[in-house]
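Look for chain A in each of the two complexes below; its partner is chain B in the first and chain C in the second.
And then the complex of A and B:
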């Protein structure tokens, strides 16, 4: 693989992320990693469901008292939109339009950062209500589940930013195309996990 | 870089191994460190048997016994059996599928260093205030109450080494999916590659629940979380579920590669194609699948209710079917073969009755009502030592003899090998067979001593006596290794004479790029096919001789793992409250790890090319397999 080889939209392969053996390996390996991540989150969800609303006797602050949908709905919309903008970025990556890809990735990062900011605000709000990490088994399970997702968002953002900065001057090649692709795949995974969090934690929490 | 056997200084050799991404060298690292931990775990086993050799013994105190017993199990499973299997996977699987390296050489090295630093961290607990003492299963109800840092060593050490295993699992899956030589279809893959494939899938799906459980444990013990604290609404059974959702597949992660090694041995030493190859493959997949369906049979006495117990009991019994398929396939491979009883074959033949005995007692325990009687007795101890020692350890010893020439280019002595085999085999049955009866008589496991005159005294003495034989067998193996390496008699490509799969077509040890030319696979047992057709050149090749690409070595995996090792000390001592330096240690450790990750992702590492001229020279010297 020659990193200095220049491509045009005409010579750029249809699937640059799997055009080399290294790319193919990363592609398959990353899907497998996502399988392991799925099991991780499945364990966290199962624990959350087992410990939902469990606490010391006479505990206040159960899920139905705590959660409010408007803010979480806005967060959901922001994260879903960021998934869409990362799709646009990958569309331009496949057409070898580097500038448009960077621009859409930039939008994705902004949306992701907004989501993360709102999540920190939300956690801060709960802590001020007295619902800290050590409040109960329920609170521990809640913060670990949602917090692990938040940590994934932070990692995904850092990954995008590092890729954009590192490759800002040299454009797309066969070496970094798989990296962009996988970062975007990771971002979709984070989004899917959030859909489950929104459903299992917030919607089912409000219902009671 | 050249494969020329130049004399290198000691420092250069060390640096070479610290930075290597070559799967064959990583295999040697796994073999040495796994072997070391095997000896440590063996010493712990001997301490247990000394303590239990007579009633009311006070050789170990109750607390020390708990530590020794916990560390024996943890060390043997996580730090001895798994890495030793990974040693053979690394050494052999890329050769068997005709690949020049694994899919992610850098990650391969990272996986090893994570395992090693995790293992060292765990074992440092002996010198830093006491080892973990809640059993290798580390049940939360016990572990949360354990004083000192023993459990923290367990949690953090296993987290680090667990990441290493996960990385290794992904690596082998991708290697086998993407890097098979032309013609190596899935149904032409050697059985050892197949079992590695399935075991890697199990690693992929089984380790995350363990990591999650351990994180809960860490947060409970260190950060005031309440996952397992019943007074705060927690539930200690969650640990048991998460642990066994990992723990049962873990048993198959260990035994499947051992099955693979034995399958290779039966075919080679019976000079026959494996009987029922496709049935063996199918049984392997089925065992892997069932492995995730049966975890609650470790929890029959928890009180999950008759429905849950019945479902898990039936699922457990069902596993006996694919396992039985395998046993009969092996027997029928021997049947009518031209059998030669060299050391690896002795182990393989001894494995069948030993492992079957362990399997039968397993089905007994699958009967939930009977398990209420057997639970936490020495019957259980006897059972799992029959499957782990009678299956996995015999497999590892067999693999050591079988693959030693391919890894080191020398043959272990046959006569010493047979001494090891007979001592170990007799010692194993002497130690563990009688424990079935101790269990049926009611002797509980995990208790540091027992009261005399209950009919247990003689049986325990016999059990301890048997352990001496096993230890002697292992010592003779070590002597064998030293003698063999000092004599240093080099062997050729196919030292057993009847090799069937691709690794035996290569020099022993193979050049660092394995295959000068990628071989063409024309059927199951490709090397055997070429031999039978009288191909004097070894293999048929799939490509002309030409340049190809290889990865660069790197020190980053070592540094990354070292960072986590340092950070773990910080995390652990930070919570003592009186050690202000601990936070700094934690931050420095994490900075080392994330800094080196950043260097890795920002710095392009494109590898290098091996040129045709270099290959031609290697071939001329007979150090490579290509055509001229």
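And then the complex of A and C:
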């Protein structure tokens, strides 16, 4: 069977992401990666918690002085909404509606890029306050944790854009359905990590 | 070879049924999203209200845990069939994550 075989909504499998052996392997391998990523982020969170507000004696700029909730709230809403738009994209993928899927992925990418822009603005603001990477153990732990998440957002955006461009003329088939599905899983995982970042870093930072 | 798949042939009514079922599922997803927004709003509100940190911290951590469960089981489809191995991976990861955080916040001091 040709991997570029064309499908219609009537002949499209119920679970296109795991309908082929290739898709099944990708699916299991990708979740194994996500489990490993959970541990990676746990070590970064643990480092942050251990080093929170620690640094040279008499240091200024602790978490409760630095963090402001309005920006974090906006960023949270944007990333949460982008999670829903990628659910919409996968809904249309399962209905074999390629154009609608591409459109919702486009919205997801726009929201993700907005989130990333706000994060860069936030980091730039902190650096101008004197809170650079080498300011304290606290600042290093903060930038490593939130920055690693930001790098994941950047990777997720690049992945979506690459998939959309690469498959723009191909349409949906058994070759790319698992790819789109996994990219959207990755995007949800980024949101999972952000839920803990806004809770542990920002909300718990503000209350001291 | 690796892309081989059984051909799916549906009758008109099977197809209509599947479309309706998916549309229902999507409505459930929007409800889940509304719950996530609601949980986030509660978390930001209790922090803004300025109660004791000893009261707020467990509450917001619990809200985060609930939101992550919603994300994993609904948005990431872990409630669907065939996710047994995946659940094993994730719970192993979460277990190691928990031990790591516990170790670093209790053993490390200055």
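The rule is short, and it goes like this: the second predicted complex is superposed on the first by the 207 of 208 C-alpha atoms of A that agree within 3 Å, B and C clash if a C-alpha of one lies under 4 Å from a C-alpha of the other, contacts with A are read in each partner's own complex, and residues count from 1 in each chain.
Going forward, a residue touches a chain if its C-beta (ideal position, glycine included) is under 8 Å from a C-beta of that chain, and two chains touch if they have at least 3 such contacts.
All values derive from a computational prediction rather than experimental measurement.
Student: Which partner does A:56 reach: the first (chain B), the second (chain C), both, or neither?
Tutor: A:56 sits against chain B, while chain C stays out of touch.
Student: Using the superposition described at the top, determine whether chain B or chain C touches more residues of chain A.
Tutor: C
Student: Regarding the shared-chain residue A:151, is it in contact with chain B (first), chain C (second), both, or neither?
Tutor: Touch partners of A:151: none, neither chain B nor chain C.
Student: Does chain B (first) or chain C (second) touch A:73, or do both, or does neither?
Tutor: second
Student: One more residue to check, A:129. First (chain B), second (chain C), both or neither?
Tutor: neither
Student: Could you say whether A:175 touches chain B, chain C, both of them, or neither, answering first, second, both or neither?
Tutor: Both: A:175 reaches chain B and chain C.
Student: Between chain B and chain C, which residues of chain A are contacted by each of them?
Tutor: Correct list for chain A: 1, 3, 21, 25, 28, 32, 35-37, 39, 43, 46-47, 50, 54, 175.
Student: Inside the complex, what are the residues of chain A that reach chain B?
Tutor: 1, 3, 21, 24-25, 28-29, 32-33, 35-37, 39-40, 43-44, 46-47, 50-51, 54-56, 59, 133-134, 136-141, 144, 162, 166, 175
Student: So in the complex, the part of chain C that touches chain A is made up of which residues?
Tutor: Listed in rising order, the residues are 1-10, 15, 18-19, 22, 25-26, 29-30, 33, 36-37, 40, 43-44, 47-48, 50, 53, 56-57, 60-61, 63-64, 67-68, 71-72, 75-76, 82, 85-86, 89-90, 92-94, 96-98, 100-101, 103-105, 108, 110.
Student: For the complex, give me every residue of chain A touching chain C.
Tutor: Going through chain A, the ones touching chain C are 1, 3, 9-14, 18-22, 25, 28, 31-32, 34-39, 41-43, 45-47, 49-50, 54, 69, 73, 76-77, 80, 83-84, 87-88, 91, 94-95, 174-175, 185, 188-189, 191-192, 195-196, 198-200, 203-204, 206-208.
Student: Spell out the residues on chain B that touch chain A in their complex, using ranges where they run on.
Tutor: Interface residues on chain B, with respect to chain A: 103-104, 166, 170-171, 173-174, 177-179, 204-205, 207-209, 211-213, 215-216, 219-220, 223-227, 229, 231-235, 238, 241-242, 245, 549, 598, 601-602, 604, 606.
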